[in-house]
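Across the two complexes that follow, chain A remains constant while its partner is chain B and subsequently chain C.
Here is the complex of A and B:
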């Protein structure tokens, strides 16, 4: 009935591309500038660094869960995008070195790491932090970071490696191996990402807790992952790459995911807020209180409007998800507001009296972003841009719109 | 099955071998200018909407309308209850307690949207419909099993029994019959 679709595009990202080099250049300049900032204001340096580190780690982690979900459900819709995600996940073990500055800055970032809070009877003694010290202590924090990155690094590296191997050997049996890695991978991912959220962001205010924070952390990252994917595909198309392979119908799916997880984000973020608002317990409301005064509230209202209301209403219509201008615009908007939201979570710990923005926030973002995407493109150009021998590829290529 | 000549003709039913033939004959019917025709198959066939030249469903707009209605009703109801009719001070929160109203607003929006989707679908499909003249055809029962049918109705302005039969014949129908009301 239907003839076998063939790929007419070249599958190789131009080997002489200057993109990775340029990105590494930006990254190096940004990081050096930020390191100079360390000697001027160490607290500011570590907080700026943490915000950008979380931003980019979140992209890699979302790519990881997307690949695992894709394998475990034997999906065909996104085979053409899988190598992009895999190229993010393949670098997580390298990216692990960027958690080291956070370990050095543990006393600047995390109030609970100060040992004098635990000394009973002294003026600094803090009963709440003391009670949480079996979990929130520097040694265990460092051990946890090692565990997280060992798990993510292994999963990411393995999933990429086996997938590339299938390109060469055309051995479809490998897809069973990919599923075997993905199944426990998803379970481990769920725990590690939730706890990473607790560690990196929630414990900045050790008195506060939200049992939903792990899901919230996942929700903000996963929503922001789809804009990244959409913009990378648009970039490839602009370079004239994969224009006949990744078609409008595939991009529409990305738009649909983007829309779905916009709603998911709003649901999770609002649920967290509503329960705390309604119960009105001082130990819980204080966190929001600090984030709803002194200018910080505008970031919160900005998230509500530009991260939920606007993308929701705009992307509700099917035609909007087929329109590149609209999709690209919404993607850029959500990425900006994603950064703003992480900023809003982390920064009021340091500036609880009012909004503050430093040049180090920009340099840290450019530095880590340059390295992150430099690593991505370096990986991406080493292999074919789509898993060309995947059993589901044919399904994916012959995809058409459902009416 | 009894067919008497004085009965009013409903249309002409033709059976085809497979989805591909049915899709082709749908295109053919569109190209020949027929408008009141339908196709029947045991399962949805991809590309059939396009082959039959069907317009995009209006269901989405019905759902949107109901969603907006549900949203407005929820806000109006809670505003009347908590601000006008029986204001209660709950832990010092304002009467117009927007965050606390969100769940109910959401629920009513979704509920009415779902009603709009289900009943709108019934309405657009002309349901409930207790009888269709095509059920007079014994053969038509296969449409729920392994039969692929096309029917051009007598109401069509271009309907001429002989021409319609010729069209189906040409398209490779395995069985053609007149269906009476």
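Here is the complex of A and C:
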């Protein structure tokens, strides 16, 4: 065929870019400030940390599943974005060290870790928590974190490494290897992410349970992943990078995914709520009850409006997904409300009497966010910004709108 | 050479086909003399259909007492069969709507077929809610019709939502199917030589001429219907799952039900498409269009959805223990070890273990094995609904009221009879309508791509994939 698309952009992120350094700087300042907070209010420190840790881990995990799904479905639409996702996944094994503070904070975060709850006959004895102790105990909790990060870290590292290798050797056969890693990877991902959701967030209230929670945890993270991708692409374009490679038609697809998983999020979150509301069993409704009073309810209404209703109505229109202002605005909105929703899940455990917000919530966010994106850009600039020898790249570059 | 082999995407249509040979392959079936074997098959299907009519007739005469329901098991085969058939009816719209939005061109070979199956399966499902009410002559009470008794359906009940969800789904699926059929009906109209066919297909092809404007409208309508049908794929089985999950019955009330039911529905629907496809493509010689590659892709969907169902089983079991609620724990232990353990393990084996064979590429491409698994899956999915419905009811909160449920011959006859309805409709479809979405298949063959024609001579040049030679040294 005579119409082979060629890449006219430079594929290297500027090596002298100050971005990673600046981000690491923000991260360091944020983390140091947060650590100072630890000495002022340890409980607040750990909860603030957990919320931000979950927020950024969710991005990396969503990137991981996205890469695996892309390989397994032999997709072409997102080849130009894949290196961005891969640069997130390649760092998961490093990011694992940030789970350590949570392990130190088990006692502050998780009520189930208090040994007196398990002592039969005492006043503190809690029959329900005691029944869960084979699963909810500090040793097994730590072991599980090691297992999760070992699996995610390995998958992320391997998928990135092989993909970069394909850049270098132009060996299309490696796409078969990538699929071989991805297929069992998706299965492992499903279970580890569900249980990570149980561990990090659901067990904050050890009495509450929901079979959907693993799916819900995935759904909130995955919806928030598309805004991250959209904003990164906009940032790259602003720097004048990949402007002819990642075209509007590609960004449109990100908008379409964003829309699809906005609906998916609403479907999962609403189903979980409706079933618990309808049956009205005390052991289940109490969790929502605490989160629908004392000011916390506004975060829930906020999710309903700004996480579903507004993006749904706005992004439904085809033209809206081609408009950068709208897409960027919706992305920022959903990211803010994503943070608010994790906050809404976690924080009422600590502040069951009413809404509370601490400066540590901001410093922990900036600290972890700075490090997370610092690591991302450090990784991203080491390799070409797109998998230049991918078998599906040509299809992706010659993409046009479907009418 | 690399350790791993790059395999280019296989062609969607095998063999040396051009537009006219595809037209002949698909539409000759509708134009030729009716084969004797078709009459034989139709007789078999009609016999089963009569069985259903008899079973339903006796039900109306005698009442629901003829079924095996007892106290506490007030829901039995009727709802199991309803959910089972509705579940099967999920594949068609998934293939035609969701895979269309995902631009999965391989769907063109099977979408017509799967949509037809969907519509007939939903018809079979619809039989059960209609007949289970006991006093069928007042069945209109299910609808919000003003009456002097001020009786209204309970709008808080998911059973009512079900009526709306299923009827919406049926309507949109039917419209979607029909819109897709229009260009192909016109093809048959144009090829038909006898008067009756010309008129009949002429009426239903709505004056289609294949003009640019017709195609433009067609594509728009198709896109809009795909967009409308996509949420319906999810909503129908979500609401079916609500029938159970909004209650307080242990084993029913669990939040993962909506996505888990949807995954299970797609799982069983794909299995049913495969069962029918493997038989039909052999009898009608459609192996060039419904290829082994299609079968392999569908087997991957079966593997994925089967594993999703397995994921949900494990989550339910884990959370039942984790919840610390005695009744939840008890019902799951009873399922695995109690009086219905045989059904539970049949379900586990068929739904979770059997699809795992499809990790093997060799088995994914084996026609015989796929046929076998596709039937096993649907047996398993029937047992899933049996386990959910019956075990939770038979062993409820009070052990003194426990009872064992067994169906009667009338339950069995009604269920077997619905196959008669299904196959009667399906045979009519195979005989009178093009079983392949001909216009869509033509659009995905390389001959349809203008890039594959030489710019100057306008001659067709088959596209080639050039696989680059890997470099052993790093560049």
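One rule holds for everything that comes next: the second predicted complex is superposed on the first by the 401 of 403 C-alpha atoms of A that agree within 3 Å, B and C clash if a C-alpha of one lies under 4 Å from a C-alpha of the other, contacts with A are read in each partner's own complex, and residues count from 1 in each chain.
Basically, a residue touches a chain if its C-beta (ideal position, glycine included) is under 8 Å from a C-beta of that chain, and two chains touch if they have at least 3 such contacts.
These numbers were taken from a predicted model, which means no experiment stands behind them.
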Evaluate whether chain B and chain C can sit on chain A together after superposition, giving fit or clash.
-> clash
Winner by number of chain A residues touched, once chain B and chain C are compared = C
Just chain B (first), just chain C (second), both, or neither: which does A:391 touch?
-> second
When the two structures are overlaid on chain A, which partner does A:194 contact: first (chain B), second (chain C), both, or neither?
-> second
Does chain B (first) or chain C (second) touch A:278, or do both, or does neither?
-> both
After superposition on the shared chain, which partner residues are touched by A:215: those of chain B (first), chain C (second), both, or neither?
-> second
Please work out whether A:132 is in contact with chain B alone, chain C alone, both, or neither, and reply first, second, both or neither.
-> second
Figure out whether A:400 sits in contact with chain B (first) or chain C (second), or with both, or with neither.
-> first
Look at A:177 in the shared chain and tell me whether it touches chain B only, chain C only, both, or neither; answer first, second, both or neither.
-> second
Colliding region between chain C and chain B, picked from 1-9, 91-99 or 127-135 after the shared-chain fit | 127-135
Which chain A residues are contacted by chain C in one complex and by chain B in the other?
-> 1, 274, 278, 402-403
Which residues, counting only chain C, touch chain A once they are in their complex?
-> 2-7, 9, 103, 219, 231, 234, 238, 242, 245-248, 253-259, 307-308, 311-312, 314-316, 319, 322-325, 359, 451-452, 455, 463, 467-472, 474-475
Inside the complex, what are the residues of chain A that reach chain C?
-> 1-3, 74, 77, 127-128, 131-132, 135, 168-177, 183, 187, 190-191, 194, 198, 207, 209-215, 263, 267-268, 271-272, 274-276, 278-279, 281, 283, 389, 391, 402-403
For the chain B and chain A complex, residues of the former touching the latter | 20, 46-47, 49-50, 54, 56-57, 60, 91, 99-100, 102-103
Where on chain A is chain B touching in the complex?
-> 1, 270, 273-274, 277-278, 280, 318, 400, 402-403
